[in-house]
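One chain, subunit A, links the two complexes that follow: it is found with subunit B in the first and with subunit C in the second.
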Partner chain A sequence: MKKYFLIYLLSSIIYGQSGIEIAKMVDTRKTPKDQSNITKMVLTNSKGKQRTNIVRSKSMDGNKKQIMWFMEPKDDKGVAFLKIENDGKDDEMRMWLPAFKKVRRISSKKRGDSFMGSDLSYEDLSTREIADHDYSRLDDQTINSKLCYVLEIFPKKGTNSSYSKHISWIEQSTLMILKEESFDKRGQLKKKKEFSNKELYEYLVMKRIFVEDVQKKHSTEVTFEELKVDTGISINLFQEKNLKRLPKN
Partner chain B sequence: MKKLTFIFSISFMLAQVNYSGEVTAKSMTRISNKLQINLPYRIFSLNLGYTLGSIDINTVTGIEYRNKPSESNYVLREAYLAYYPEWGEVKFGKQIHAWGSADGNNPTDNINPYDYYYLFKIGEGRKIGVISFSTKLYFGNANLEGVIIPKYEKNRFPYGEKDFPLSIPTEPEIKYPVENEYEFGFRLQTTLGESDIGLSLFRGSDRAPSLRAGNITYEVEGGIPQIEPLLGYRETLVTGLDFVTFIGDLTLRGEAAHFRSRSPILKLNLFKTPLSLYEFQQDITYSQYVLQVEYTTNSDIILSGQLIGNSVLDEAYEWYHSSSIEYVDFPSPEFQPGMGNPIAMFSELALLLSSTGVLMDDRLELKSNIMVNLDEKGNMFSASIGYSPWINWKLETIITKFNGDKDDLDNTFTIMEDFSNLSFNIIYNF
Partner chain C sequence: MDKVIKKYSDHPLRSWFIRQSLDYPKRTIIFSILLTLIVGSGAQFFIIDDDMIKLLPKNLDSRVSWDAIQDEFGSTEVILVAFGKKGKSVFNPEAMATLWDLTEAIESTDQVEELTSISSATRMDNIDGFMEIDDLQLYRDLSQQEVNKIEEYLNKNPTLKKRFVSEDDEYLLATIQPYESGSLNTFRDSVTAIAKPILSNYEVHYGGQAYVTGTMPAMIRDDVVSLARIGILIMVTILLLNLRSFSGVFLVIMVIGLSLVAMIGFMGWIYHLTGSDRFLFTLANTSMPIILLTIANSDGVHVVSKFFKELRLKQDSRIALAATMDTLLIPIFLTTITTIAAFATMTLSPIEPLFGYGIVIGAGIGWAWFLSSLLLPAVISLKKWNKDSNAITKPSIFEKIINRFGKVVLTHPKYVFSVGVVFVIIGFTGLSKVVVDVNMVKFFKPGSEIRDSWDFLDEEMTGTIDIRVRVEGDMKNPETLSSMIKLQSVMEEDEKVITSYSIANVVEQMHRAVMNDDPNYEIIPENREKVNNLFTMYSMSGDPDNFSTMVDYDYKVGLITAFSKVMTTTEIFDYVEKMNQEVKLLKAADIDLEFTGMIVILRDLVVMIVNSSVLSIIISLIIIGIIASVFFKRILWGILAVIPLSSAVIINFGFMGYFGIELSHITALLSSIIIGVGVDFSIHYISQFRRLSRSVDSKKLSKEVIDDVGYPIILDAGSNMGFGALLFSVFLPIQYIGGLMVFAMVSTSLGTLTILAALAELLKHRLINKG
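Our next item is the complex of A and B:
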């Protein structure tokens, strides 16, 4: 008995935090109160053909409230999207369609649906709740000279997810995610994601995401330009009436 | 004047101007004889928005064009001022409104009349703007909208269009235009759990004319009366319910509207009323509904099915002599609704199945629609392919086919068979 206790104690000293503890550290990392940017999405198919979407985005509460307006291509200009994540119940998602002059409520249940034809799904754009997932720590790895925690993340039974698991590489010094692999319900590798960050005032914010859907042989590069943080975005901005008004800046 | 110019210049510099629009070249060919269908279409459309603080000024203008003879008309579809205080929205001007939760077919959406030249266009494209004052109050998960329309607008019908099969040869004279032009409506929408529910009420005049009176003559005394129809507009009160909810991977949308349509009392000068004049009073109650189920596949193909119905619940007609108020028994015309879903003119019960898919990173769009008349024989099928060879450009091919009943020449789908067409569009968005 004593032998097993010593082995456990030694393991704890060597490995430090558990998966869930690391996840909690990442979750409580300092983030901006609000953020606005111009999001550029370049979609590339297996033949190398590209299409670019440009979106103006504003968010707060760690992206739990997000509103975005599509600027390009021109036939999408004016389409706008509002997402409000609610604790304990389904997210609210609404879309303003200028061609119908209507705010259309859309289902948040199909979280695996592609967002505007990109390789990012609605689930990829949503916050991952710690309580809805199990975390397992794998051996640390180094990526681009950066020492990373490696977490295996499993959606709990009953959680609405289109994935069976993720493997995430989290830079130890910054607690920012650098890379992630996501697996579909059959356990097959579905997506590879790479993240780049930049310093903005006292924060580290994401400046680029590259997503490759290995099954569809398709990729999306998302860059966040004209990043602004803590500009005092009002909670009143996240109302459906503001979907109809293109923002100034 | 100089001060005013200075103020305008400064406000223009501080304000934000947004614009978007579309240029379209269109060709429509009849399938039966390969001849061009010569109907007007919107060759140019411009949305212009001017924003200063909480105030927007928006306009939607366009040019309607006909190929032969080449003619064009400037159209001001919308022009309104909008103010966005913290509690909601206030808008005044010529506007297009949209009520209801279903897609494309909305029995509860009766504020704007329809432009029947664009009957097969979905969304706001087939509506006519009305001068109106509207306000929307947001509170919690709910919002309450009120609309007042001080000036009546009617549907635009393709009179005298030989290329449009349902056309009437000439525009009928409206003997009794709308006297009380004021119309109003309210809509309350709230969220209950994962559902949105809307309740609405609208009171206005029918968008299409109906029989209002008749000059009665007899070729032979005691013979069959010859009725010269005199047209006017009924007044209609619409109460509506609409909802959207989610069950598993399915989205359910629905609307139901109850219409009470009555002929207003004619204010006639009895001394000038001809003895041949008989008034026709109608009191009709009818309903329309749409039930829609929507599903998105794993390949992002959107599948949608709509059951569209309308039925007359109660009808009462009276003919009476205007001077003596003597009731008579003259034949009554078949009821045609003056408001509600335009599909009601095709069918009392129809099933509409749609699918939309995009490929090649949204560069290729495939759509198909089939409408089946469940009441009588008849269906409509349409399929379109839209391809974007360059950004903001789209080449579109649409085939539309109507199939009626050879043995029933009055069947609407039979009449529409000759309108089966192939359409080519080149669209540039800016």
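Our next item is the complex of A and C:
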């Protein structure tokens, strides 16, 4: 036992943190209590055709509670979406359909399904639970002059995931993810993701995500504008009744 | 004597040709073989592909619509895999697990764009107020109760059920769509290789256009090889019986073999250089090697048999060869030109592979002439011939028959002519009975695996003929969607159309799910906002990619897909006409629609085949008439040359009508082949008639001509029985061509020796005086 501990200690000194330790560091990184922004999503298909969606979004608890009001395309104006992630249970998702004047609850069983027709799935947007994954650290690499930890992340057996593996590049100085590649169940590369961040008060928050589904040859660029953090969003905002009206700010 | 040999011929060009064979035989042989090998090396670029769509010109409306649909919605050519056990419902856990395994295994290949089956389908439910979009089959191993839920859902959605399960619930269906750019034969091989072990415990049926197209190259390749073997065997047997000389037979086979090498190589080169689909080797081309074999054989037979005859008379092989070539160079050249001309008319055909067929076989025939005129006499001149052999000293069986035949024609020309005319009249009355049918299923024999599978899918599943309507308009506009639903109901009014589906059906289904699963709401919502809300909601809970085969990315173009059982040509025409009327009405309502799919392709092919056949017959007869008139310096000869051909064409098509042999893009070749091959007989006869008319008494003229050319004509026709090899093809239309060509050889050769001979005898005074 002593021998194993010594090996572990030595390797820790030589290689620094293990994969799981880095994942924990990322997970405990300081994040805003709440966030609001205008999310612009540009979808481009294999033939170069584009679709643009703009939504006003407010979220808290690291996106575990999120409400969105659709602004563009014009056809979608008035539609609103509420998502509340519940630990250990299916997420609760509701939509306000103004033309029907009805709120409809929708299912979220298929985590691999696309979110709003984009290349981001519900799984991509959800918090990755550390306990549900195995982490292994690869050799560090430099991306755009930024030294990165490189982690291989495997969903544990029994975890509801549409992926077999991810490789993530995490900037060492900020613990922000810069790049990720996700592999499907067959082990084939499925998505390439690039992230860029900006500093807002004492936080580093994402300002752009670019995802390419290499198999479908479809891409999505998400940009977050009018970013605000810690504005004191009330938990009461995340209620069905608030879907029906677009907030002024 | 030496002077005669050196001069060889009165004509400088003929003399030059003969000199190459007699004075420089080794050089001529090396040059000919080397050139053949260079051309033959193009075989490396030779490609077998039989895609029905590639038959159509790229600018044809239905082809344009088809291509647009492929571009917008992915490949519409699919492989259908149906499996199950007769008498047992597929709604059991074991069958569902097998379907799951099949779906997973096939989806994991990189050639499959989409697989549609129960295992890959989604369900849309309203559960306790939840609009739930989920997998229809959640996992591989289901309990019987879970399977029952799937059955219940499908029974509630009969349109969906028709796409996945057979009418009696005994078979499951998976529809597999390849990537548009992929090769269908690799795709087909890959799908069957994966499915075979997974479905080993089930009765399996494959079908769909992609399956047939993917299966064809290997079938065509095997068929061509087998037919060529049988064809050569038949020819060798006939040649041996008549030439009674192994060396003679070998020489003819050498010409045939090298011509074939050159033709295949030429086809490869021309495809390589042009990249045109017209030069792909399709099912229609299956008959091509056999046709070339017979034509090349014909040239060779004339040279060898004439040489034997001359050797018998002159007893000196060099003199005999010089005399042979001096007599035959012009007729062989002329028959080559006229045969090429007949096949060249195929280039006017709107059916793409027929264009390539005409060019490539023309090149092959040209090469056969080149080898027969240079290589063959060069090889003959190098061999030492035994002048005492039976082949040279004694006339063959054919020669003896011809002697008797000549007497009959000469004694009763009017009687012989009348019998010929009666045959033509009988043939003429059969023309109206000819049915045009291009459905590929009819190309396979009943009882063959591919035909049985096709029939099974037609009877038990959705049908195999696809019908598509491309709808251009606002796919979120309720009026557009309602029009689509209306059109679908009209489409389904025909009892052979089993099912149809479009994005409009999905909208109806979503509407019902949102409205608490109330069946009264399974309709198109009344305004655009509601339709849009439904699509947005789907994008939040399901994968909008599920709609990619029904609506384009911008929701501006939709696709209605329907499947029908095999229809007759008349039914296809009526159906397409009816649908076009419906489409016109909807167009008036400001929606742009294009009616297409395999059904329209079949309709257009029928029209093209009829036009192509008529055009090919008329043009080739005119060209041959003109060539004969020019060469023989008399219009009457031109007319007489085409009479036996026209008669043979009428008799053949008439017999097709009587025997119910359908005219398809494969059998449409018949007219060109009959004219192209049959013209040789007329040319030989007229050529000899003119030649002998200068020296022989008019009373004995016809007898002398028949004596002289009758034998090679009958031997030519006899050795052309190699066409009979086509009777052994696995493809029915090729078999029909084989049978009809055997008949055509008999009718054209006899037509020449009866109708033409009788007419020449009747008109001899005019022909001799002004000839």
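Quick notes
Keep in mind that, in the parts below, the second predicted complex is superposed on the first by the 239 of 249 C-alpha atoms of A that agree within 3 Å, B and C clash if a C-alpha of one lies under 4 Å from a C-alpha of the other, contacts with A are read in each partner's own complex, and residues count from 1 in each chain.
One rule holds for everything that comes next: a contact is a pair of C-beta atoms (placed from the backbone, for glycine too) under 8 Å apart; a residue touches a chain by one contact, two chains touch by 3 or more.
Keep in mind the model is a prediction, meaning the values are calculated, not measured.
Under the clash rule set out above, the superposition-derived model of subunit A with subunit B and subunit C contains a clash between the two partners. In the superposition on chain A, contact of A:K101 is made with subunit B only, not with subunit C. Contact with subunit C, but none with subunit B, is seen for A:M93 once the two complexes are overlaid on the shared chain.
Of the two partner chains placed by superposition, subunit B and subunit C are both touched by A:D75.
Applying the stated contact rule after C-alpha superposition, one finds that A:F115 touches subunit C and leaves subunit B untouched. Looking at the superposition, the partner that touches the larger set of subunit A residues, subunit B or subunit C, turns out to be B.
After overlaying the two complexes on the shared chain, residue contacts for A:Q239 are found with subunit B alone; subunit C is out of touch.
Put simply, subunit A uses residues 45, 49, 51, 75, 97-100, 102, 105-110, 113-114, 117 to touch subunit B in one complex and subunit C in the other. The part of subunit C that touches subunit A in the complex is made up of residues 108, 129-135, 476, 514-515, 525, 527-530, 532-534, 536-537, 539-545, 553-554. Residue ranges of subunit A in contact with subunit B, taken from their complex: 43, 45, 49-52, 72-75, 77-78, 89-90, 92, 97-102, 105-110, 112-114, 117, 218, 236, 239-242, 245-246, 248. The part of subunit A that touches subunit C in the complex is made up of residues 45, 47, 49, 51, 70, 75-76, 79, 81, 93, 95, 97-100, 102, 104-110, 113-117, 186, 216.
For subunit B in complex with subunit A, the residues that touch the partner chain are 16, 18, 20, 47, 49, 51, 56, 84, 86, 88-89, 96-98, 100-101, 103, 122-125, 136, 138, 143, 191, 194, 196, 244, 246, 248-249, 251, 296, 298, 300, 358, 360-363, 388, 391-392, 394, 427, 429-430.
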